[in-house]
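Two complexes come next, and they have one chain in common, subunit A, joined by subunit B in the first and subunit C in the second.
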Partner chain A sequence: MSEKKMVSLTIDGKPVSVPEGTLVIEAARALGIKIPHYCYHRGLGNPGNCRICACEFEGAPKPIQMSCRTIAAEGMKVRTSSPNARRYQASSLEFHLENHPLDCPVCDQSGECKLQDYYMQYGLYGSEVREDKLHKGKRIPIGPHVMLDQERCILCTRCTRFTDNVTKTHELGIFGRGHQERVELAPGRSLDNAYSGNVVDICPVGALTDRDFRFRVRVWYLDETESICPGCARGCSIDVHTNTKRPWHNEGRRVARLKPRENPEVNGFWICDEGRYGYKNLDERRLGRVMRLKPRPEDLSWSSALDEVARGIKEASAAKGTEGLVVVASGMLSNEDWSSFKELFVKTLKIGRFLFGPEPDQIGAEDDFLRRKEKVPNLRGGLDLGFGKEIKSLSWDDLAKSIESGKTWGLYVVERDPAKVWGSERAKALLDKLDFMAFQSPFKGEAGEWARYRLPATAYVEEEGHFTNFEGKVQKYGKALEPLGSARPDWQIFDDLRARFLSEEGSSGRREKAGALA
Partner chain B sequence: MAMTVREVSRPARSFMEQIFLWEVCVGLMVTFRHFFVNLARHALRALGLKVEPGAVTIQYPEDPAVLGKRARTRHRLLKRADGSPRCTSCLLCETICPAKCIHITPEESPDPRIEKRAKTFDIDIGLCIFCGYCVEACPVDAIHMDANKVELSSYTREDMIWTMPELMDDVPKLPRALRPAPGIGPTVPFVSGSH
Partner chain C sequence: MSSGSPVFSAEEEKTLKAWTTRFPHPNMGLIEALRQVQEWRRHIGTAEESRLAEMFGLPLGRVHEVATFFPFFTQKPTGRRRIGVCRGLSCELAGTNKAVRALGEKLGVGPGETTPDGEWSFEEMECLGACEMAPAAIVNEELVGAATEETARRIVAEPGKDFRPQTVIGPESTEHRLLTGRFGEPGLETLDGYRRAGGYEILKKAVEMGPAKIMEEVKKSNLRGLGGAGFPTGMKWGTVPPKEKMPGPRYVVVNSDESEPGCFKDRVLIENCPHGLIEGLLIASLAIGAEESFIFIRGEYKRQHHILEKALAEAEKAGLMGKNILGKDFSCAIKLTRGAGAYISGLDTALLETMEGKKAWPRQPPPFPTTHGLMNRPTVVNNVETLMMLPPLLRIGGEAFAKMGTAKCGGTAVFSISGHVERPGVYEFPMGTPLRRMIEAAGGIKGGRKLKAVIPGGASTPVLTAAEIDVAMDFDSLRGVGSFLGAGGIMVLDETVNMAFVARNIERFLAHESCGQCTPCREGSEWTVRILDRLIEGEGCPEDVVNLDRTGENIAGKVICALGDTVGSVTRAMMKKFPEDFKSEAGERSSGAGKQPAGTAA
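Then we have the complex of A and B:
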């Protein structure tokens, strides 16, 4: 890259030098100057059909040029907001709005619509159009996730270019001529590819809206938190949009939608539909209370529950040996969780039998674009700590056999549901044979009903942490929401439990910890 | 820092202040001034002279309250010609409301010409500060504050919540205990913690 020639140009009086071949609109972006644009998208190219990115190029034979179609050249002088450029931008906008319906109050895009934004910034003209607006198709469901409104469309062709160039499935096209031009499905097709939700994000207006998000919340009620998609091992960057200020919206769910966040190293601008709509269970079937379920259900405080779990493990290990305890973990753990997990179970308790890794219930569809078959985000984080290398995983069949033979007396399950693998009846029969079972998870899960202790953990949106994706890239996700009920992060549960083992073995674990902090 | 005590001397009361009689007379003078001024105004107007009208005592609640022409009173939801609510559920009134007393849940409309409509539209009159911003914000003129009703008290907080049929005067506002059928009451509970 270093041998690439640099060119220097001036934009709005500010000098900038960019690699040869850079578009003027990108050079302006490097300076922090925003030029309005609809059709241009860094992931989809620059057809130059929306005409709103016009700038004035001093000394050019035709001074008004499209900044998304012009490549930066040495000595170029660009003015993005000269009176001439402004007039051109406002006129382009007037053309876009000629047949655009005044749907803003009922349009889901309202609040994040580029037509609204640019009208306030660059338009602000009185309408000269006296003719009636042209009517086209409204609320046409074009796929399982996307709703089309042809009237609102400004024909920027971003969506058709997405289906042509990115997914290469060619579902959408521009049909008709002149004023009758409209976006439509190719005959007999439906927009049902695995990445169809992205056309909603790239649509600069409200022509393509999300059927899932339709009328749920107005976008100005939402809060955004940067996060990582936990849907598969790819670890796409996402924004979690949450609705907490007005809880009566969105059917009481706190997470309203997930949006892709630009990350050229992992997912570019896109995410798959599986990840996008995978947030729905986040507020459903959640564990909120710390409980002892056997012999009869009873609420416990965190400290007494952890005391009892520690005592249970200690007493049973003394009588039957630690080999009888199997720990089931999952790739839902963050790097922080994996590290505390290893400290507790490997270093302190010296347990040798683990079960982790993607089992049939966590394997799904894969393709050569973004989706990976391991449907958990952080197996790699465990692998980097030795889970899968020197520490081998049992299989569910091995575990079932060893429970049947009585070799295994205890199970500590973290964020997994054995009932999903074994089936309800078999799981119940097997788990009833155990002397000890702790179930630590954000979600209820069928097997949680048969555990002795049930410990509520936080879901990934309720705690910040890091996931390592399958390529080994460590990425941070943020805390978007407060934990539900008395849920605690997994690492904190492991650390608190470990302190209980250290302090009694006389190794002054608590003091060691305190000393480490001093 | 050492504690210090500062003596504050109170102004001593004079004899006239101590007997209160003078102040009673001052108060009565104000009352009698109003009495005679109003008496004179009523008398002169009765004789046909154009002076300022005298004050009138209204026997509220026996007589109805007199409201100004532009008084903001209880909300009213307006209807289209076919009787369906005008509200398109754009949530602008809910957004602008400084008291957060409006709760709307939108839904898809079966009418193909209407994109969106309100499934529920609840106003907690107990929270409302009668600022009238909702009327200003409404792009389709669906909400007015001209029901000319000011007697809005109730025995419970739940009964302060007015639902869509009640705001359209389709059903009378009755206390919860007297409501004819379930399903008319507020559908989504108001969360007091969010206010």
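Then we have the complex of A and C:
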């Protein structure tokens, strides 16, 4: 790496050294000094049109300069909150609010709106505007996910820069000019690109809101947990926003929304819509009860269920041989899960036949930006433990044939639904031939109904763990919610089951070990 | 579109496609292509935008942005003839409202409407650059003359007829008229006529001198940019990186986007002496090593565009343009390109954006155009008059030129004088001539009334009181009294005028022309107009004056470009100097009160 020359300056009296070419607003950020800004965004550039990041530059011929347009220079003395600087920050805010409808009580952005935040910080009490507000379009659905309110828009151009420069899909533009100007769709277009939801995140005001999230729950009731998107092999950093303080809101869903979390090495500032809106099933069709379904449904305790499962496997293996048991899994497993999975099935039970390849039910659209075709987060974690190298994956066709021929007598299915591949009828016919089937998953799934044992696993938001993305980057996701019902992490189920084969208690402290391993 | 029928005929396609190859970059032809479509279809629909987008390889939204930014383009069909009446300050003082009323009666439709037969549409327009014939009227981009009540009716009744009065060019003594001295000589606008007057002789001399010596003379001359900024021309040229340091093309662009209320001298210069501009442009191109140069002319100057087209064709035929000019090792092609009705296009970086087929949002230097200009190449943007000064400057020499003016401001300047004077017109004076003498030369105050105020450099320059007119008219002296020379658009206001009306007129212009890029200007200009509207309608309150002052101060200097600075300073200067005109209660205001601007009492 080439040595970058450093320049030293002082901001609000604090000295700081930054690489040559750094913007003053960034130099301030390095010191933890937040300068208000709308148009500037690290992922979208610095057009300098909102004029609110004004700072005072001591000794400059024109002392008030925009900190997002000024490059830090040696010896510069910047004041971000001198009376003069604050005055222009406040006056710029006043211009932004001049035609703003001030409809905060009914605006979904309330609580995370930069107009509100800066208003409170810069203390502009009492409007001097006696004129009627200009009227523009309201509640315009501009795509499947985004609602536009032109009156709330402050024309910072972040959204148009996103569609012009990031997705390069050019759906949005700023049309007209002067105070008649408005953000709008280009004629005949719809904001339906695979990343459209990001415009909601970058909109600093309530002009672009999420059609999925709006009016569900006020943002100040939400909790945030750092996580990793499980939607594909990219492993974008996200924040899971959960609503547990107002459980009767949001149709009872605990996860209110997912937001991208900045990660320059993986996803920058963005996530795709597929990932963003992939959370909705997290509270739907969930498994919460540990059950034996055949011959008739009955609730079991974890301990008796695992005893029965272990006994079932032991007995059938003794009678028909271990090679008749196939384990179906997928890249939905965390590194902790994979590790326990391997301990149980490979090392302890010596199972030789697995199905974990993503085809065809976990394959989807790919592009040259973020989306990967493998729609599971952690195939790589499995690969690093040999799944896909020395341990090969069967295909669904192989599996069907071996069930039909009677070669396979049992299936242990983890976080996957054979009915999705084979179709309901064929799946039922095939699975009915089996002597043994365990179905372990956070979700019911169609094939789960035909299993002998149904074991509820936690969803990724209910556990802590690690995913390894397709490039080999190991990333941690946090626990945002308590498990539903009796659900347990997959690794714990595997460990407890393994104990039954080793005749010792399920291990503890497994997670730490696996995390380190990963 | 889906119907399968092509949007344009084969012939039309050919014409439009030609614009994609005419300039160094295809996008540079976009605005001309849009103009063509507007002319054919009388509007630009989505189908047309889509086809153009394909043709130019641009996203549809980009084309739509341009089509909705420039007032020349409409989304709904206009009449076959578009008549516009100017509502710039000089025109409004002379009776825009009366003309609008007369036209409305004659056409049976109001401003912004089209006659049911689709023949006429009627608009109030911002400054048409013809303040001397106030109130000016335009039909399909060609100035047709003064829209007095009578001529307004005749313009409609006798379409195609030219009602323009002869423009006064002064002062009578040509002693100091370096540039305009020979204006009025028959045939000066033709190549032959220009040559008879010694034209293109200086170009020969310049080719002999070579770039370095030209540059030296220009630096010595203290020639300042006469488009408004007053930046020393030689110094600007000097910042163009030499070819050894930055190889590749460089351009000179003529800024003929004269659109500021009060300024019309560039129009008159082009009408009278197009070859003078071409010669000046060639000299500048030679000086900085440009082998391709451009004249960007405002869309409303259709007649002047034709004049230049003709002159360029003559020059090319005579070997004065193109390869090996005058048989020497100097080549320069000149191309014409037009705007589409936006004042902001006259600001250098916005002009370059317009030329590149984008909406005219000013750039924020650095880098400056002289290093990164048109298509990111080194570009000198010079005003019409600045370039036209080059032949006389080289004729008399830099030193003599400098001596004609003040210590830092060389030579002469051509002033546009309008408003309440007896003989509005174009007047050339040495830099530093007192304003009082200029007003006298223009016949003094109309009707023998008393002088109230003068806007010295065009609508965007802060007002002077009657007591301040002994100021010397040059860039530095005017700065000394808190105003600007601008582009020398002198607007004289007599005692009947109420300054709140003047402020509103100018602020309305600026709000209309604000490009919308930065917030203080976009929001502040419109707010200022609305406060002034209320004040003038007698619904003001004491806080209005405070807010106008505060708002103005918060805009000026905090915006991206000079237009925004102006929004902040124009009204403040008027309020400071004429506070009585901004009193909140209608009754307290002087005779100008009421909805009609002063001077237009119905």
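Just so it is clear, the second predicted complex is superposed on the first by the 499 of 518 C-alpha atoms of A that agree within 3 Å, B and C clash if a C-alpha of one lies under 4 Å from a C-alpha of the other, contacts with A are read in each partner's own complex, and residues count from 1 in each chain.
Please note the rule applied: contacts are C-beta pairs under 8 Å (C-beta built on N, C-alpha and C of every residue); 3 or more make two chains touch, one makes a residue touch a chain.
The shown structure was predicted, so the numbers you read here are calculated from the model rather than taken from an experiment.
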| item | value |
| --- | --- |
| Subunit B versus subunit C as contact partner of A:Phe215, first or second or both or neither | first |
| A:Pro247 touches, of subunit B and subunit C: first, second, both or neither? | first |
| Subunit B versus subunit C as contact partner of A:Asp103, first or second or both or neither | first |
| First, second, both or neither for A:Cys50, with subunit B first and subunit C second | second |
| Touched partner set for A:Arg177, first subunit B, second subunit C, both or neither | second |
| Per-residue touch tally on subunit A - higher for subunit B or for subunit C | C |
| Touching partner for A:Arg139 - first (subunit B), second (subunit C), both, neither | first |
| Interface residues of subunit A shared between complexes with subunit B and subunit C | none |
| Of all residues in subunit B, those that touch subunit A in their complex | 88-92, 94-95, 100, 103, 105-108, 112, 115-116, 139-140, 188-191, 194 |
| Partner subunit A, residues of subunit C touching it in the complex | 46, 49-50, 59-62, 64-65, 68-69, 342, 359, 364, 511-520, 522-527, 530-531, 534, 541, 543, 547, 550, 554, 557-560 |
| Residue ranges of subunit A in contact with subunit B within the complex | 103-106, 138-139, 214-215, 218, 220-221, 245-249 |
| Complex contact set, residues of subunit A against subunit C | 47-52, 54, 62, 64, 69, 88, 91-92, 94-96, 98-99, 128-131, 134, 154-155, 164, 170-181, 186-189 |
